[in-house]
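Just below is one structure, and these are the notes that go with it.
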Amino acid sequence: MPYTDDSINHILQRTVDELSDTQRMAGLFHQHHDGDPLPSIPVLQEIIGLCRAVLLPGYYGQDRVNSATVHFHIGVEVERLFTLLTTQIEAGLCFGSDGADGATEQPCRHKAAELAAQLIAKLPEVRGTLATDVEAAYLGDPAAQNYGEVISCYPAIKALTCFRVAHELYQLDVPLIPRILTELAHSETGIDIHPGAQIGSHFTIDHGTGVVIGATCIIGHHVKLYQGVTLGAKSFPLDENGNPIKNIPRHPLLGDHVIVYSNATILGRVSIGSGAVIGANVWLTHDVEPGTVVQR
Amino acid sequence: MPYTDDSINHILQRTVDELSDTQRMAGLFHQHHDGDPLPSIPVLQEIIGLCRAVLLPGYYGQDRVNSATVHFHIGVEVERLFTLLTTQIEAGLCFGSDGADGATEQPCRHKAAELAAQLIAKLPEVRGTLATDVEAAYLGDPAAQNYGEVISCYPAIKALTCFRVAHELYQLDVPLIPRILTELAHSETGIDIHPGAQIGSHFTIDHGTGVVIGATCIIGHHVKLYQGVTLGAKSFPLDENGNPIKNIPRHPLLGDHVIVYSNATILGRVSIGSGAVIGANVWLTHDVEPGTVVQR
Amino acid sequence: MPYTDDSINHILQRTVDELSDTQRMAGLFHQHHDGDPLPSIPVLQEIIGLCRAVLLPGYYGQDRVNSATVHFHIGVEVERLFTLLTTQIEAGLCFGSDGADGATEQPCRHKAAELAAQLIAKLPEVRGTLATDVEAAYLGDPAAQNYGEVISCYPAIKALTCFRVAHELYQLDVPLIPRILTELAHSETGIDIHPGAQIGSHFTIDHGTGVVIGATCIIGHHVKLYQGVTLGAKSFPLDENGNPIKNIPRHPLLGDHVIVYSNATILGRVSIGSGAVIGANVWLTHDVEPGTVVQR
Amino acid sequence: MPYTDDSINHILQRTVDELSDTQRMAGLFHQHHDGDPLPSIPVLQEIIGLCRAVLLPGYYGQDRVNSATVHFHIGVEVERLFTLLTTQIEAGLCFGSDGADGATEQPCRHKAAELAAQLIAKLPEVRGTLATDVEAAYLGDPAAQNYGEVISCYPAIKALTCFRVAHELYQLDVPLIPRILTELAHSETGIDIHPGAQIGSHFTIDHGTGVVIGATCIIGHHVKLYQGVTLGAKSFPLDENGNPIKNIPRHPLLGDHVIVYSNATILGRVSIGSGAVIGANVWLTHDVEPGTVVQR
Amino acid sequence: MPYTDDSINHILQRTVDELSDTQRMAGLFHQHHDGDPLPSIPVLQEIIGLCRAVLLPGYYGQDRVNSATVHFHIGVEVERLFTLLTTQIEAGLCFGSDGADGATEQPCRHKAAELAAQLIAKLPEVRGTLATDVEAAYLGDPAAQNYGEVISCYPAIKALTCFRVAHELYQLDVPLIPRILTELAHSETGIDIHPGAQIGSHFTIDHGTGVVIGATCIIGHHVKLYQGVTLGAKSFPLDENGNPIKNIPRHPLLGDHVIVYSNATILGRVSIGSGAVIGANVWLTHDVEPGTVVQR
Amino acid sequence: MPYTDDSINHILQRTVDELSDTQRMAGLFHQHHDGDPLPSIPVLQEIIGLCRAVLLPGYYGQDRVNSATVHFHIGVEVERLFTLLTTQIEAGLCFGSDGADGATEQPCRHKAAELAAQLIAKLPEVRGTLATDVEAAYLGDPAAQNYGEVISCYPAIKALTCFRVAHELYQLDVPLIPRILTELAHSETGIDIHPGAQIGSHFTIDHGTGVVIGATCIIGHHVKLYQGVTLGAKSFPLDENGNPIKNIPRHPLLGDHVIVYSNATILGRVSIGSGAVIGANVWLTHDVEPGTVVQR
């Protein structure tokens, strides 16, 4: 029996009613209070763009910039970054408190502004670290022609500009926002670094698609990863209800000057000693002595 | 000999003529009839956004929403979803029929509207299933702070909102559109699920980059995959012309409560019994008994 | 002690000063000369869209097109492509010369226009090769319904439209731009092909996420790769300063009709003979005879 | 008593209910049938832009154009003009029939396409007439430097490109759309020409703000108006219900080579003979012999 | 002597310094406090669009709407209108207090929300009055084909939707915003109505360009104006400093059923009695008895 | 006989051919040379916005600004203004030379940059004059609440920001661009001031719709105009070919402290002495002694 226009309209209306039944939405419905800012993907993407423009002037951002005008540009960008970050951090404070665990946190525009200013105060240090990452990527890739190519193209630099900013927000206990930022980089580059990870200077990742770095990883200086490397958890203890216990150290520790080749998988709270080399496709769940080469 | 402006103009014109020679375009040229709607990536992205806004109100969509106004928002979104889906399904009916096999199908706005309404009527059920996926992701990840974080950030939820809608369209025999939808999710998340796959409730994927789930997979309830897992075909029979025979079951069957760790590869029409655990980087082309743990 | 508005303003201003100190920016600051065009991601994305519209008329591009009007559309698109390419190539000539190695190259609008015209003159040939890639993707995937689906959805076709154009620019010694183009495709598809690679006709990649093809690879005709395959470098000689020597052949050679299954890793300047089949998850650093099947 | 959040929400909801009461909307509510196109201001503005680009190539439109490529540009623009005009004419056929007089007209995509093609077939003639308008504006203004300035800047040319196209649509009995087009030009230029007016060649208007030309005006060749001139109706006969009778000739007739200076007002079905000059601020409700000068 | 790049840069930098000298900016610089909303032209244009969509459903707004869905659309539009109005009223409260008179007013989000809700509560009444304006325009113009044309095209309706909303805000003592709203309508239509004017039902303006209605006008029911009519002030008393005294009644009073023809000028606190007719181009600075016809 | 699809296509193609015949385009076709910048309405609108933001910081522009950051904002805005102005002045130099008079002028990016810098160097003086205009508008209107309202809303200020900048460009002999700028203000406000007019300080226009100020007007200080005032040419001498002779003084001279009320028309090279008052609707073609009041 063919559908009539009336029967189609009836279907649509009935479905709207079913979908609007808030009793049946469980945790899938987020109510907003008037005036609460919303976490906003386009705003967070603008924040990423502003961080890149401020940290790497002339490479990112839409404007020409030279040594006579760089001060003006950074001044305007930092002001806008402060404004946008404040709304998004406030949104995270409101939004993050909503959900399965019923926690509530007093949203607070002033607290959000404080946190935004604290993040911005960290940016010179973040730039210092990123400079070491750029150097590492340039020196580590025979195909790299110059710093400009590395900064403009390399997924590792895109992922690390996001991660290093998100990590500072994570350190400041800003909820939700750091995670959205690293997921945006994950979507852009295929590199998934949890904002809680601790990563030293001169860090680089070649190609990068499929790399996973877990929340409790601690990584030294001068470390290099290739595409497809997982630094993950092996298993995790459950509480009395059978749910995973949160916040337990469960990801690898990597020393300085470690190299992990493509598609290697390192699972659990294991230590990879400084100077160790882990071969491609290796599957590893135990400690490795400094300087060791582990091959498949 | 340097190029002159005239020689450049001559090159451009000659190339335009060569590129416009329809005799030499083979299957690479798609002619449109006047008035036919076109499959449109921006429209399909808006459709994905509307589905997410309707299924997960307050988490996706640009508007504030609360229990007093959720009915209005869903009403407007469902109406727009119906309008856009109708044009895209019609485009799929027109467009899908064009190509190497020469099949033709009568395009039909009314049929497209019927199919759009049937899809929409499935959305309450889709939301019910997605709720179980969100629960599974939350419970399965010690790093997840609350439902809000899971719904806002996790690639698995982004991929599954697309897949579960695309799968309903696939079940309705809508051509082309389901595949474009899952490819948009693939591009966004690195998770490639064919819309033909059948996937039970409480399904989750951790990190997700590089996951491939083939067209004829059948997956039970409470299954969890990690990044880089392939559920693929081993080989496929060829017809008398040496071309692959279409639509033959050729991908794995997974029971309930199966876990597959990162970068494992399961190929062919094999059965992985309920409760089985497949370790990271395992390569598997044979059946696995229920409850078995397969390690490298 | 809570932050006051004044102390926040003080923090912001001090940070702006620190971030604007050009003495401390090292290689992270790119100065622009007035009038120099800037490499622009949105413009390069439009260039990719124009190439796809010109090469695959009716499948890409926003306009309806039929045999009566295809000449007009291609004429307008080629003219715009020429204009945009000229600015971006000029930007590459300016920009690529800036960086760690201190090289300088005379920017030149006329040279950029010449190179843009030379690229455009190659497009008919590029279309011919892409037609073989489409055919290979269609014949190689039992799930493909018709050419339309392959051209509209398959990541391999998206990656190869970018790569084959970027490779022509690379052959013309255009700096930077080819690399940005292939990184845009990498971000969109998870397939990372260096523009320097040489790839024959009838090439296809299934699913594709995580594929890496290095700068000095040479790949024959009728080759098929699956997701997660790496064709990489094993190690590379260092110069007297411990830096990698640029431009040394260091990636695999693949003959005709080679198949490499998912997540296989082939490293170094090894030869994979025609007709060889490399199994999933294989790790390979030596030559393979023609016709050999290598399994894990 | 201060408002609470609850009382505000209560006000909003009650107002939504009142405003949604379709019984009380009288003629102020326009219902749409599914699939009917809507008259769209942005689309009509694009139509105006396309007409200007096609009629005055190189002056309007966003693209560079030269004699080698003008054919391509006009081909693409005419195709898009045809597509957009068809939807808007169809919308006019649907929409115009709705309202106080209860008339209904069968909407018809094919009829709309016919009318769009008929309009397009008139464009070469419209261009011929516009060329005389440009000449008249250039010759009549000592401040005009060249044709380029007249075509790019003069409000008269903007208003006449709209009017001359809208008049052709009016002649084809397209409802609503011609009127919206001339109102868009009215908003842009302050020149209000009813699409029903008949206007000869070499017509120009200096400055133009406040000019009104009524629906039944008939204007000869080589006529020039200044700002603030009204060619209006004096009064109009009422029918038995006291409503104005539609479509009665009620606006002035102007011969050839007439000049009307600023803010003059000519009302009613009067004849202004060829070569007459009407002075600034004159108020005129009677016939004027050819060659007469009427001063205040 | 030709300019060098250096001399140009020097000029630019010196000018920036001069322009940034806040000591010399007098009243031309508006400082913002962090977090204060800004009056925003794009937001106010969206507010106008929302008011039109809510008041005249199906004629304005981008969405299809029918009797089954009008409730949803108005619900969503009213919610968004409330949100946007609240920010703009708050901006008006902050912004309006800044300037030459040094007044300060406590900005207050809650007060802004109250005022926004009060404005919204007036909208049903505003719609009732607009319905009489539409009727008056339709009946008064022989060229009008139906209500749809009047509502979609007539500048009077565009100006009156803005004015009637702005007048309600003015009555609520909202600073600045009502004036910006009527200036947006002035720019769009050439009709300049001060939001303080009091205007009865069944009001219409034909063509409208150049109409000016002053802040203290009081206009009865069934009044009709033509283009170029000024209802202005003749002169105004000065205070001891020679500045005009604010808020003194100084514009005309018009009774019911008054008609004022094009370009007539009525100045000062004069009374135009009910039923009076003022001819085109008349200049009038004295009272007119009811029923009188005043001609030039 | 109904149209078929084929006959419609035939009509479209024939019309494209007719419209593309460059032989028949006369002066209506503007050919572009590759690489020439185009005058661009959107860019010129951005230029107007930048001038307003720089001249009236905090009132125009999208950004918050305060005394700590105003230097950054103006620095960035001046840099962008310089870049955009350079392209548009260059476009004017190319474009203005094309047309009826056959003149050619060597386009020159460097000359354009010089002229742009010279314009920018004038901006502090322009701001000084605008400050007197704002003061005049505020003091002259009893309805004005404060400077903020005047600067944000008054059409006179919008028109004068454009005019005063365009006049400086006109003084620098930049072709075409000054005229497009004042026409943009004409369209926005209904106030048409030729960029060649010379206007003193403390100038204001009330309401403004329909005001026309001709190219050779010279206006003193403290002058006030009302809506609809024309300062025009009476007639102009013709050359031997019957064409108007360009650049002859032909518009009124107004002394200081002159007031001209609404819709008054002053034509020809007449002198209106300081302190004169011209009444509404007056029509005037002779000199007026200082201090005289001219009434109708």
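Going by the order they are written in, the chains are A, B, C, D, E and F; count residues from 1 in each one.
Heads up, the rule we're going with is that a contact is a pair of C-beta atoms (placed from the backbone, for glycine too) under 8 Å apart; a residue touches a chain by one contact, two chains touch by 3 or more.
These numbers were taken from a predicted model, which means no experiment stands behind them.
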item: Contact-graph separation of subunit B and subunit E, given in steps at minimum; value: 1
item: Contact-pair overlap exceeding half with B-E, pair selected from A-C, C-D or B-D; value: C-D
item: Of all other chains, the one whose Cα centre sits farthest from subunit C; value: E
item: Comparison of C-D and D-F (more C-beta pairs in contact); value: D-F
item: Computed distance of Cα centres, subunit E from subunit A, in Å; value: 48
item: Geometric centre distance via CA averages, subunit E-subunit D, whole Å; value: 25
item: Distance between the centres, which are taken as Cα means, of subunit F and subunit A, whole angstrom; value: 51
item: Contacts with two or more other chains, residues of subunit F listed in rising order; value: 16, 34, 64, 71-72, 74-75, 79, 83, 113, 190, 209-210, 228, 263, 281
item: Touching residues on subunit D, where the partner in the complex is subunit E; value: 2-3, 8, 11-12, 14-20, 22, 25-34, 36, 38-40, 95-96, 98-101, 103, 175-176, 179-180, 183, 186-187, 190, 192, 194, 196, 209-210, 212, 214-215, 228, 230, 232-233, 236, 243-248, 250, 263, 265, 267, 281, 283
item: Subunit D partner contacts - residues on subunit E that touch it in the complex; value: 54-59, 62, 64-67, 70-71, 74-75, 78-79, 82, 110, 113-114, 117-118, 120-121, 123-124, 127, 130-131, 134-135, 138-143, 145-149, 151-155, 188-190, 207, 209-210, 226-228, 262-263, 279-281, 296
item: Subunit A partner contacts - residues on subunit F that touch it in the complex; value: 63-64, 69, 71-76, 79-80, 83
item: Complex interface listing, subunit E residues touching subunit A; value: 9, 13, 16, 34-35, 68, 72, 83, 86, 109, 113
